[in-house]
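One structure below.
Chains here go by letter, A, B and C, matching the order in which they are written, and residues are numbered from 1 within each.
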């Protein structure tokens, strides 16, 4: 059994958007009880990460850390056609995930208690982002 | 054909735990000869990495590097409810992998010669960690 | 339906090699119209990344950034049996991807417009690298 749905996300610029509910709805609608949910982010300046879903300060620290690891406006970046956040957005996408695969058990995503699924927008401007959800199983 | 088993790992605090044998045992027990093994780490302060399995100094350097990339006690981290290794554990989890997918060929994991599958514990305290193994194929 | 093919890549030392066409050819040859393409890099000093396929300067900046994040010859690395790029190659592999999963829709990889699939060679010497492509679906 296979099921595909594209989730469209409107971001408000740099930050994390929680997709957990929308992915869970895909699993429900697929009627798959045991299988896999594959998430695929169709961009190179936005990406996926599964991280702490409870305390917003954990996510704030994750974003601040990305600023330190791949800072905007680093003069060593050459590719700035779209601005000082252009290359850093690709670098952060390379550091986080383009695809993520989550097992389905008992008809639900087998996430741990503290795991949320997030789209990470790496550009400062608001964007429309597409995440393809592919579910397979029984 | 589908098979799921949760591997429970007791860590001794920060470090890498080799899961290769336990994952290989799952493949054997699944009787899948051609397919996929998906590993999913159900935590946000521990993660997965496939790296050099031969010389322990390679793994030591990987851990030391993570200390430099996401240092404990960085005063710019706000989220320290569980200690100075709280946010760095989430940051390191975001840098390594939550899920990893390994093809199965000829009834075995299609790992390269030098590849081992490791759970990376990012907290200093010992923890119980769960890794879900989902196998599908023929 | 399942299909496996190993892609052999001859690298010219450190850099990115575009595999998009060869992976697309696997999808075509598999005759799968809806499913998943899993890529698995069988090495610990080379890895995969899906990134910007248009402007070479974006890829140049990505490589330069990896030099800053995991520099060659860092005196804190102990494992240098194969040279000053030995441990940095493992560190960069841990930062990028060992496996990547791409949905197939309408008989083609569901990549975004600007996404290319690249093998990242992290060693300075030329190497032969193997990427296993596993396709499943209908």
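Observations on the model:
Following the convention adopted for this analysis, a contact is a pair of C-beta atoms (placed from the backbone, for glycine too) under 8 Å apart; a residue touches a chain by one contact, two chains touch by 3 or more.
In this text, all values refer to a predicted model and were calculated from it rather than measured experimentally.
If you draw each protein chain as a dot and join the dots that touch, every dot ends up joined to every other dot. Two copies of one chain, chain A and chain C, touch each other, and the residues they use overlap weakly: the shared fraction of interface numbers falls below half. Taking the mean of the C-alpha atoms as each chain's centre, chain A and chain C sit 20 Å apart.
Residue positions of chain C touching 2 or more other chains: 69, 95, 97, 101, 136.
Every residue of chain C that touches chain A in the complex is listed here, in rising order: 34-36, 49-52, 55, 57-58, 60-62, 64-65, 68-69, 95-97, 100-103, 105, 110-112, 114-115, 136-138.
Of all residues in chain B, those touching chain A in their complex are 2, 4, 38, 40, 42-44, 69-70, 74, 76-79, 81, 86-87, 90-91, 93-95, 97-99, 101, 130, 132, 134, 136.
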